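One chain, subunit A, links the two complexes that follow: it is found with subunit B in the first and with subunit C in the second.
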Partner chain A sequence: MKVLVFDIWGDYGHFRKFYTTTSPLTFSFPPPPTIAGILGAIYGTDKNSNEYLKVFGTEKCKIALQILSPVKKVRMGLNLLETKGTNLRLPMSDKNLAPRTQIRTEFLKDPCFRIYISHEDEQVFNKLSEGIQEHKSVYTVSLGLSELLANFKYVGLYDSYEKTSNKAVELCTPVTVDKLIEDKIEIEQNKKYFKEKIPIKMNQERIVEKYEDVIFESDGKTLKATVKSYYQLEQGVNIVFF
Partner chain B sequence: MSELVKNRSEILFLYDVKDANPNGDPVDENKPRIDEETGVNIVTDVRLKRTIRDYLHKYKGKDIFIREIRDEKGMLKTKEDRLKDFESNPEKVIRNCIDIRLFGATTAVENQTMALTGPVQFKYGRSLHKVDLTYIKGTTVMPSAAGRKQGTFMERYILPYSLIAFYGIVNEKVAVNQGIELKEEDVSLMLEGIWNGTKNLTSASKFGQMPRLLMQVIYKGENFYIGELDKRISLKTDKNPESIRDISEVKIDITKLVEILNSYKDKIEKIRLKVDDRVTFIANGTDVDLKSALSAFTIEELTF
Partner chain C sequence: MLSTIKDIGKLVADTQAANTIEENIEGKILFVNLDTVKLEYTGIEILEYTGIEIEDFDSDKRDYYLYKAGASKGNAPAPICPITEVEKTYKKIESWLKQCNQKIESWLKQCNQKIESWLKQCNQTKDPLINHAVGILSQKNFYALYLQMSLILYLQMSLINHAVGILSQRREDITSVLDKKIKDLPKKKGEGRFLSLKINKKYLGEYDILKNCLINLSEEKLKRSAGSGVCSLCGLSDKEVSGKTNVFKFYTIDKPGFITGGFKEALAWKNFPVCGECRALLENGKEFLKKKLNFKFYGLNYYLIPRLLIGSKEIWEEILNIMSETPKTISPEEKIKKRITNDENEILEYLSEKKDVLTLNFLFLKEEQSAERILLLIEDVFPSRIRKIFDAKNEVDELFNKNSDEKFTFGTIRTFFSKSSEGKSENDLDKYFLDIIDSVFKGKRIDFNLLVKFYMATIRREVINEGYFTFRVKDALMNIKFFENLGIITFEEVENMEESRLNSIFNRFGKSLKTPAKKGIFLLGVLTQWLLNKQWAERNARPFMKKLKGLRMDEKDIKALLPEVQNKLEEYDSFDQGKRLIASEASTYLLEAGDNWKMSVDEINFYFACGMNIAEDVSDIVYPNNGKKEKEE
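Let's turn to the complex of A and B:
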């Protein structure tokens, strides 16, 4: 199976956790539907109908991600417009009726990821690969919010082979818990293990159909785990798709 | 009639502030925003957009959707009221308001949702060096309440100096997809707003801002752009970065910028440029004139 590999990075990223509506926190990396959106921006899927979720949805498109720079989170205050009708009064006249609302927002700092993509539809895959290779993006690429502009770089197109093993293998991508055999993760020294619940599958109405716990090493180091199946790229890197 | 924007372009903008606060953090005592890990000063994209909007409204008489409008009672207009100004017709808003054509808008008003992605997006601006945060305390002649004999104190945080780089993209495909007729004139006016608006902010917290370099790289062919122009320039100085106080104490290294532009020469249609004459550029270790360093390109000087 052909796998397209590219890197994406920026100054800041924000991938809002679904359970934080008023004090926005960020995931440590973009979940698959977000990556589908990034691919959609490069490829140029229609923005008005959420076409990206169809073209790059989990049915057709396999997505894996590797954390390249340590996950760092910072908080900044954003001055947002208060949209509750009753609050649009004279500013500063009453603290409780301020026209703006200050929200502490969590950002990823200096995020950098390697994305692995395979796609059922060869035409889509080739057009996407070409766009990334020539640094052509139909829409503007960002990391979660429109002002968090990102840059990307083509790494390569590689052959990959699906493998199974009942022994632990070294994986460079986060692993969803449902892919593990008997929850087998070997805890190694000097590694930091985290678990986050992320959306995996989203339909075109933007309703999440599947959430999954995902385990990752926050400095981007490898995980040693026993998984049902994984893919080995021609240069020997092991990845697991979401 | 001005033509529609047909090309992708990237914008690089440098400006500096002296003894001022380029962008306060409302949940941190209105201190200038600082990346605590590196000491770099940050300015949000919305600050720059506000600068552009205010300039286009006050000096150019353009209609701006997102602004403070008060009724007779001093109450602010809500987004509902503002939409009604345009007969609740998003198309009319787009046609009339230059800021919506440039930056888009989201309104979550009942039965009248408008969610437009702007063709122009800016990243947060970042200073090219570590900054020094200074706390100023002063006295005023006004007391804090009636019946007092003395004035109250004022306090504020300022940056003695910060040279900030902004980077943005103009995406013609977004405009088409969102049904926005973005005209060349809109982008030209925005550039003017960036330059003159920055200079014209003369409130106590912003006075002392000077635009130093504005560059728009216009591409030909579809969808290609270089990316991250702000990361291709760096600041050279003999001083401790925190003790820089003036543009004359630094040089802007454009070696990498010129290199990357030259390597994509055949994909660049032209470069629009405005430079402040107090800036010194260097490339490969020697002082250069920016225009001659970019002699391989069609240069259009911005005049405003």
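Let's turn to the complex of A and C:
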């Protein structure tokens, strides 16, 4: 199976945890539906019908991610438009409400990720690879919010092989708990393990169809885990798709 | 984080812990009594306001009162509410009854509609015989059941209707009586005041219809944003899920801007779908956190949320039991020794001994009216990290507080990061403090220039007010040492510096004094303090203090200060061998440092203040035999 590999990075990123609104927190990396959105921006899927969720949905597209720079989170105030009451249409109409509201938001600082993609539709896959190789995108690529612009760089196109093993293997990607065999993950010294529940699969109506706990190392180091199956790239890197 | 809280909720629901988490409320309830009275002349019975009755809050009667903690927050209508302003609280109860009335009215309507459609169905049957038979049989049932139901509903509705009428007609009378009663009621600390209603000497919860209304109204609220989908907490599909969990208020959809994908409240469940069971468990979990794992942290509150990376229910149970019971089992003596925060129930030291399968989340929350703001979430801290923090603390105590009862805690950091000036009514530096705490727990780097800015602000204040200058300098030094032990601040170091007899002192500062400029400034601080001591001894005043520019000296000022100090000491005839030695070391270091030190004014003055503060210790080394004399001077 061919796997397209590219890096994406920016100064800041924000992937809002779905259970926060008044104090938005961020996931440590973009969940698969967000990555699908990024791919959609490069590929140029229709924005109004959420086509990106169809073209790069988990049925057709396999997505894996590697954390390249340590996860750093910072908090800053964002001035948002106050949308309470009558304020949305006529910002100064309600004397008791200011037109803006400051929301303290958590951001990722200097995020950098390596994304692994494989797609069953060759045409889509080739067009996407071309776009990334030529550093061309139809819509502007950002990391979560439109203000947080991102840059990306083609890394390569590799052959990969599905493998199974009942021994622990070094994985460079976060791994979802449902992929582990009997919760087997080896805790190693000097590694920082995190667990987050992220949306995995979202349909075109923007309804999440699958949530899963995902374990990752926040400095981007490898994980040693026993998984049901994994993919080995030709240069020897082991990855697990979401 | 929320799924962990849900897991905790499930565990405590399964164990006896759930029974112990109900809080005991102390207080008084003022009941507005509405009773049926017979009119004298006509003999007709009507509902009337008959006075106010005061009862002690009995926790066993929660169901009778229809009490639910926090249900009446904000402007939410409720059957029983803590009294804030009498008028407002009264309106909350009034509007709750109105809601119930509307609810019963809609039920009555539904009941009548059923009767009508049933009648229609009967009439539509073509066979006259069957029609007749069904008609008679069912009509009997119909009248017996539906009419009875309809009648009951009607009677109950009219009772509630009357109650609502009286409450609104006699609002002024009743609230003024209530006002007076409350003022006359002696108030004890920690005691609550509640307002509720009794109809015909019965609590509201004794009326089944009102009980049903309460359940129905809260379900309705959730259904306003409900759909069928996958629950984001349990992950099960095809569940009725709602976007209004209302458990943690850092998720609200009260502003359209919060609802992604179209701003439509009815579709908000797509954002954060939670099923009914998970919502109940989440509530349970939050209650448990509030009661057992809520700690105080220098004016801030945090929940300590344990999480297992992987592991079974048994391990979970054990950890939770330990966490909720430990504060009680640690003896007070031990607690004092090992605390790092100001909370008496702190269990961090205990948890630091646990294995790294457990991680801890620190959730700092601030309640703002009916919303909650996350001030800081420190995720997944390992026990090994907490152990490291305690080791760093112990090392600091060993160096600075060996013979003192005062130990290093986070309070030492808080000293510099609470208020930017004394006149402030609220702590305005919480943000910085939390950022530092975050760095301590997560091992993130701290900028020394930022720290020193706040240290100097406090130290200058103490110098000007002639306050606890010495203690604040020591606090700052302890902080720096603590951060250095944790490896979250680093300093520029100059290798192969000459050995000095003051090395034992310099080493106390760790790496912060490892450049010639810093050492030079420090020693000049020592010399200056000796001069000030001399002035105090001779004249009972310290006129030289003016030359220090309120500790806002720059590189030029420092370089100019050395000859001035030397000259003054000469004038006082006090420039003895020891002082000469320090002066010569200081000038050597300053010469070695060259020009352009690349240090902020705050940093320069910080090392100078350190020197002033440590002057006494330097005397012990320079004047081993008659150090006492210097100290006295």
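Here is the rule we use: the second predicted complex is superposed on the first by the 230 of 242 C-alpha atoms of A that agree within 3 Å, B and C clash if a C-alpha of one lies under 4 Å from a C-alpha of the other, contacts with A are read in each partner's own complex, and residues count from 1 in each chain.
The rule is simple: contacts are C-beta pairs under 8 Å (C-beta built on N, C-alpha and C of every residue); 3 or more make two chains touch, one makes a residue touch a chain.
Being a predicted model, the structure only gives us computed values, none of them experimental.
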item	value
Subunit A as common anchor, with subunit B and subunit C clashing or fitting	fit
Touching partner for A:K195 - first (subunit B), second (subunit C), both, neither	second
Partner chain in contact with A:L25 - subunit B first, subunit C second, else both or neither	second
C-alpha centroid angle, subunit C to subunit B via subunit A, nearest 10°	80
First (subunit B), second (subunit C), both or neither touched by A:R104	both
Lowest inter-chain C-alpha distance for subunit C and subunit B in the superposed arrangement, angstrom	5
Set intersection of subunit A contacts, subunit C complex versus subunit B complex	72, 81, 83, 88, 104
Touching residues on subunit A, where the partner in the complex is subunit C	18-23, 25, 72, 75, 80-84, 88, 104, 106, 177, 180, 183, 185, 187, 192-195, 197, 199, 205-213, 215, 218
Residues of subunit A that touch subunit B when the two form their complex	10-12, 44, 46-48, 72, 74, 76-79, 81, 83, 85, 88-91, 99-100, 102-104, 109, 131, 134-140, 142, 146-149, 151-152
Contacting residues of subunit B [partner subunit A, same complex]	25-28, 33, 35-37, 42, 44-46, 70, 74-80, 108, 117-118, 121-124, 126, 167-169, 171, 173-174, 177-178, 222-228
Interfacial residue positions of subunit C with respect to subunit A in the complex	1-3, 227, 229-230, 232, 235, 237, 248-258, 261, 263, 270-273, 307, 309-311, 356-357, 359, 371-377, 379-380, 382, 431, 435, 444
